[in-house]
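By letter and in written order, the chains are A, B, C and D; residue numbering begins at 1 in each of them.
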């Protein structure tokens, strides 16, 4: 199995190194292509207005002066591994949770999504803590998931969003399949003055969990379980199509 | 009705002016908050690492040195309209289609999504052409949709993704409710040399439609119909949860 | 005379329009190439790591997604005026003074410097006020300077740095040739907290005048005179070379 | 002696590590504050529109998401070394020459300039090669210069611009005090097409030496000598002031 690894915390992030080290144990080959600096919050943004530069580090990791999506977009073309396309994309280990609505903004999840046309379903991995300690726990869990991945049957273009509690491995209580919860709207933007007295607006953090009931990713992690949420790329709201059609009939 | 208008083509884009002009006819108030320059491909990216600057133009439009999502995030807080929160967010009119997988990368759709907690379902509007001519057609269609929007019943956090053929209004054949089609993987990145002889990688365009069957957004637009696709923010792949759970049982 | 006009406040700045309008009266042709947004403080920075985009506005002005130096670098090649190279570069009218040490950081002065290989000595024009009112005063003064410029004899690669008091034209007391004064080190950087509690450092304003004696640019402007300072591109400190050589003898 | 070290090639550049290692031998303390990525060509640009982030690496080096000038501006305030202001700023070792007109655009020289108010004259060091090999040569030379610096008498606000041939130390022929030569205008910008067929303009390299006579920095380096050019911050063209005043008399 050939694995492409990326993240959104940047090429020097400890979570990336931990992931590469764990997946390198079993894989036929790994190739790491990551942003040259922290690009948290980048979502699926693509860089179209300039060409990108690839820099090969001594570690063998490649950094790109672009977004997580850029990195995987270039990496799945096999540009950096002798024209060999990866079988699988794994993104992470993010320093912080990607739960509920976070998924919309997350560069970690976006990097995984960009691997949706590979042979195996891509995986995004996040460690749920503001000050993450146990990257090794998340690394070991994703290593095990990957080792079994050939036998997983899912619809094409499904992404696995994995969130791991920041605990020693032996304290992890198991793995739960979850749906996304969702968050309250976050704190309002903060007005700040620059040193020359002009008003600026700083976007504040995300909100707390608004829907963290049993079955959600929030709940699983809070209970000490690893959360695995299958995500579909297709956002069509099928069940809402009929009422919309009725409404539109009046307009046609 | 108080409407917040944004886009991803930037504050000087003709599609934005056309949209503001059309919606200004009926609304109690409109407020335009858009990026200071073209941010196509920005997806849902949020700017967290710096505060943002708002600039009020003579036109009354406000530009932000950030992403489409930033603009709507600030705008829905009512920062720029005497602390009044909008009832509705409308984003566009994008110069170019947002069909199928485009939705993942689109700043236009992302701006609309960021209005998901407003009272009325947000709308993203795109004009389907590489060299768009008929912004007035799209503007009139969205004006009519908005005028009826109070009577639409949809699930919370649904977004309407509207794509309009680039035709005179009288040649539009009607409005179809659609699902997202999807695109082939795009052209591979292009290797270019900079003037100093170093290799760079330029991400190429999106692919052609891979799934453009009847019922898709691609098909509707190609046939001369306006496409309206209801999008859900929640990407949980509910129908895939069971098989995933079975697979995980072995691991637990 | 063919004149290339640029600035660092960006293509939509009122000072740029005032300058173009004034110089357009007498010149054989003008060509305006300016940054797409405010690039104050850009100094002579050049963009080498990506190609630049030129956008032709309805006004005939061209904007570049780069620095002031980029704009003039492209403009003096004649790229945007049918391959005709300009005889002269004029940069401004900057909204704010460029006095003393400001010259090091100024994008306005840098844009002028980039025209140093044209036939006539480039001119940088700034209006000295935090809330500039009288762009027309500065515009008229630079128009007159330019109309006489053919008869000025200066060393090659000399730049004229012009600072105009923000007064009605009839209250301007005359024009003085000046040397650069210099400023005290500015206020120290300001520590701010971002909304997530992390420390950030915001560079504060420039310092007050430390050397504003008669003969300096600071003094002239304060007294109601236009200041014209000839700048040389060559920063070699000729008079300091001998003592340096003596010191180095011990090391050789 | 407390030394602040910076560069424009970024915090991971080998020239920075070589410089820090050499100067760390003799100094009472060193503090390294450098851009988080390559900022070649940044000149004296200052970041005013956003606050800056400082990141402390395991090596003890601090990176800033800004320009070389930003780094030194923050560093000379003593922010990163227990409020202790440095006695001296040394910038480099740049991977590539900074000769003649390069000085205008160089971030390496700009970083040194920003230390002009420290007790000792700042030093910019560059290794003259497209593929630099002998950082240790340049590091040793700057170490020796710094060790004698207390005895150097120069005018306030003088910067030493040091260029070192890319040779083993034993093949360096000595040190010459030089003036700046200058370069021909560089190659014209290169027109390129992006993958979507739009024209873009890529700024090409700097020109060859136009003035490389004996006495210039170009000449010294070509002959195998280290070049040390004293630079003055004050660009006032004193000898040109009289003829300018005569010319202006007609206008007054």
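What we mean here is this: contacts are C-beta pairs under 8 Å (C-beta built on N, C-alpha and C of every residue); 3 or more make two chains touch, one makes a residue touch a chain.
All values reported here derive from a predicted model rather than from experimental measurement.
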Starting from the defined contact criterion, work out which chains touch subunit A and subunit B both, please. C, D
Proportion of interface numbers common to subunit A and subunit D (over half same, under half different): same
Could you state the distance in Å from the CA-based centre of subunit C to that of subunit D? 22
How many Å are there between the centre of subunit A and the centre of subunit D, using C-alpha atoms for each centre? 40
At what distance in angstrom does the C-alpha mean of subunit D lie from that of subunit B? 46
Residues of subunit B touching 2+ other chains? 48-51, 53, 65, 189-190, 192, 194, 196, 202-203
Quick one: in the complex, what on subunit C touches subunit B? 36-37, 48-49, 65, 194, 196
Under the stated contact criterion, what part of subunit C meets subunit D in this complex? 38, 40-54, 67, 69-70, 73-74, 77, 79, 101, 103-105, 110, 113, 117, 144-145, 148, 151-155, 157-158, 160, 174-175, 177, 179-180, 182, 185, 188-190, 192, 194, 198-203, 228-241, 243-245, 247-248, 250-252
For the complex, give me every residue of subunit C touching subunit A. 49-51, 53, 65, 187, 189-190, 192, 194-196, 202-205
